[in-house]
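Presented below are the structures under discussion, each in the form of structure tokens.
Shared between the two complexes below is chain A, which pairs with chain B and chain C, respectively.
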Partner chain A sequence: MSKPHYDREHHVKKATGIGDPQCFKGEAGEARFKVGDRVRIKDLPDLFYTRTQTYTRGAEATVHEVVYESPPAEDESWDNTENVEWFYSLVFSMKELWPNYPDAFSSDTVETEIPEHYLEAC
Partner chain B sequence: MSDEKEHLHPPAAMVDEVSEFEVLEIAVRELAIEKGLFTQEDHNQWTDYMHTLGPAPAARLVAKAWLDPEYKKLCVEDGVKASLDVNIDWVNTMPTKFGTPSDYCNLRVMEDTPTLKHVVVCTLCSCYPRPILGQSPEWYRTPNYRRRIVRWPRQVLAEFGLQLPEDVEIRVVDSNQKSRMIVLPVRPEGTEGWTEDQLAEIVTRDCLIGVAVPKPGVTNNAKRPVRKAINPYKH
Partner chain C sequence: MLPPTRQKVMRHLDIVGHLQPSLHEETHAPAPDQVDNAHFRAYTRSTHDVGGEPDIPIPWEEKEEEVWEHNTFVTCEVLAWRGVWNAEERRRRQNVEVGQTQYLGLPYYGRWLMTAAKILVDKQFVTLTELQDKVEEVKKRYE
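Presenting the complex of A and B:
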């Protein structure tokens, strides 16, 4: 049996001199959400790796900025760069994440970035 | 020859003790070199690069942004492009020329206003804009800071000596994907007519993470309390 060949340098070849995530620019197509949209974070199952925090799951947020295109970390951690998608910077109200957060500071927020496949309109 | 006679005592050890993690790092590094994944020269180049980094370019960026509204706009729109003016090329100064899995090339400059205060954390690990800010402080990497700042930001900021009124929105920025963030604080009162050098001096690392605000006369990070371990490890 011949030894399998893995191209361990495909990312280096693609990103050198351009940068990551810049090297994925233009690969995600049209963004599904725009600034100001309300979205909910889906509680998707993740095998082994995710960068969507548990505290954001099921919570609603507002799209603050459409930031860049990239494969999601869940795929990229397994060297799969096929599914490039848009990333959104979302703003959550603290009250939404932690229901007993003090009312006096109800304007406080958390901002974090989530890839598109975790989001649904609400 | 004469030099040798003057130094009869053995040279002092570089470090008093080596932690288990350092032993692990050395073992993995040596295996990787043996396997040909990278060379000792590559490793030297990276360590040299890492040691040149510090918060000075980010402080300079903030000072420039305070003085030049056009540049401030550019910082907020495209942090990577704005970094070029303070001699940080996110793509090309790193030895890899494309960023690394821990330092991707997307800098976001989070602009504070009188009613909005940003503070940066990485709850999942300890992502930090190292090319422009250097190595993260020890407390930034601790689970203590990472867990509590998203849940009780006001209490944690108070521990850093920063108490903000109710009408100021605190926005905790959780750096969880490929963006790295620095905070562009509000220019403090009492700095009218200052030069860029003077302004850059008061923008400390803590101000750039967001756990402090710049004040005229304050050019150092506040000292963090060191609590002794309850069950210290006996060597």
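Presenting the complex of A and C:
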């Protein structure tokens, strides 16, 4: 087995002085969703790695902010940074996520960031 | 009386015996048709630090970081700076590649430290025998 040869500092070179995810700005094209849109989280296979929480799968949320462009965690964690997409800050109703959530706190929400390929319009 | 090394080994085996199986049912080397989709997903789930998993309430503690924890953090950042990994690969290795037992069983920065050593072996910056020799050398300083 030979040792792999590739530019292992490519990300450092790209992000130095700019920051991450700012260094991916402009690479994702047009955002599919806008603030206020209702979206549903796809239950994509969670094999090997994901940062899209299981409890959000199949739930509906409101886009609170279109936050930044970045490769999704599933790609970036193997240093694949070519496919950049928009990330959205989404607001979920706690009552909708957790069936036994008390009615007294029915206005509680939780906000989290999820990449575009997990989202579908609803 | 067993020699100290054997005592350590026996203690280790005792603890590991209590860690398995991860589900409270017959789970050792099941036939393929004994693992349904729900069990497959449970076994292959990727542990992560983004919350939302069932647990009992745990007390909030305001804990200062210790010197070894700061040193571990800096080491991991330097590994990123030198292109050994990026933050997402570090996170995947700390949270998922360690397996559920280590994820739940080791302190937070313990997983960072384990992972920093592991990636240097995985990516062939050091060999495992070099690491073994170094760990032995350092242990002897404290004997």
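A few notes on this one:
Methods note: the second predicted complex is superposed on the first by the 118 of 122 C-alpha atoms of A that agree within 3 Å, B and C clash if a C-alpha of one lies under 4 Å from a C-alpha of the other, contacts with A are read in each partner's own complex, and residues count from 1 in each chain.
Everything below uses one rule, namely that contacts are C-beta pairs under 8 Å (C-beta built on N, C-alpha and C of every residue); 3 or more make two chains touch, one makes a residue touch a chain.
These figures come from a predicted structure and were not determined experimentally.
Look at A:19: by the touch rule set out above, it reaches chain B but stays clear of chain C. Judged by the touch definition given at the top, the superposed model places A:83 against neither chain B nor chain C. Shared-chain residue A:9: touches chain C; no touch with chain B. Of the two partner chains placed by superposition, chain B and chain C are both touched by A:53.
Contacts of A:105 after superposition on the shared chain: chain B is touched, whereas chain C is not. When the shared chain is aligned, chain B and chain C each come close enough to touch A:73.
In the superposition on chain A, A:115 makes contact with chain B only, not with chain C.
Judged by the touch definition given at the top, the superposed model places A:93 against neither chain B nor chain C.
Once the two structures are overlaid, the count of chain A residues touched is higher for B than for its counterpart among chain B and chain C. Note: residues 12, 20, 51, 53, 55, 73, 112 of chain A belong to the chain B contact set and to the chain C contact set alike, using the contact criterion stated above. Listing the residues of chain A that touch chain B in their complex gives 12, 15-23, 51-53, 55, 67-68, 70, 73, 87, 89, 91, 94, 97-98, 104-105, 107-115. Of all residues in chain B, those touching chain A in their complex are 80, 90-92, 96-99, 104-106, 108, 118, 123-124, 150-151, 153-154, 166-167, 169-179. Put simply, chain C touches chain A in their complex at residues 41, 44-46, 48, 50-52, 80-89, 91-92, 96, 123-124. Residues of chain A that touch chain C in their complex: 3-4, 7-12, 20, 46-51, 53-56, 73, 76-79, 112.
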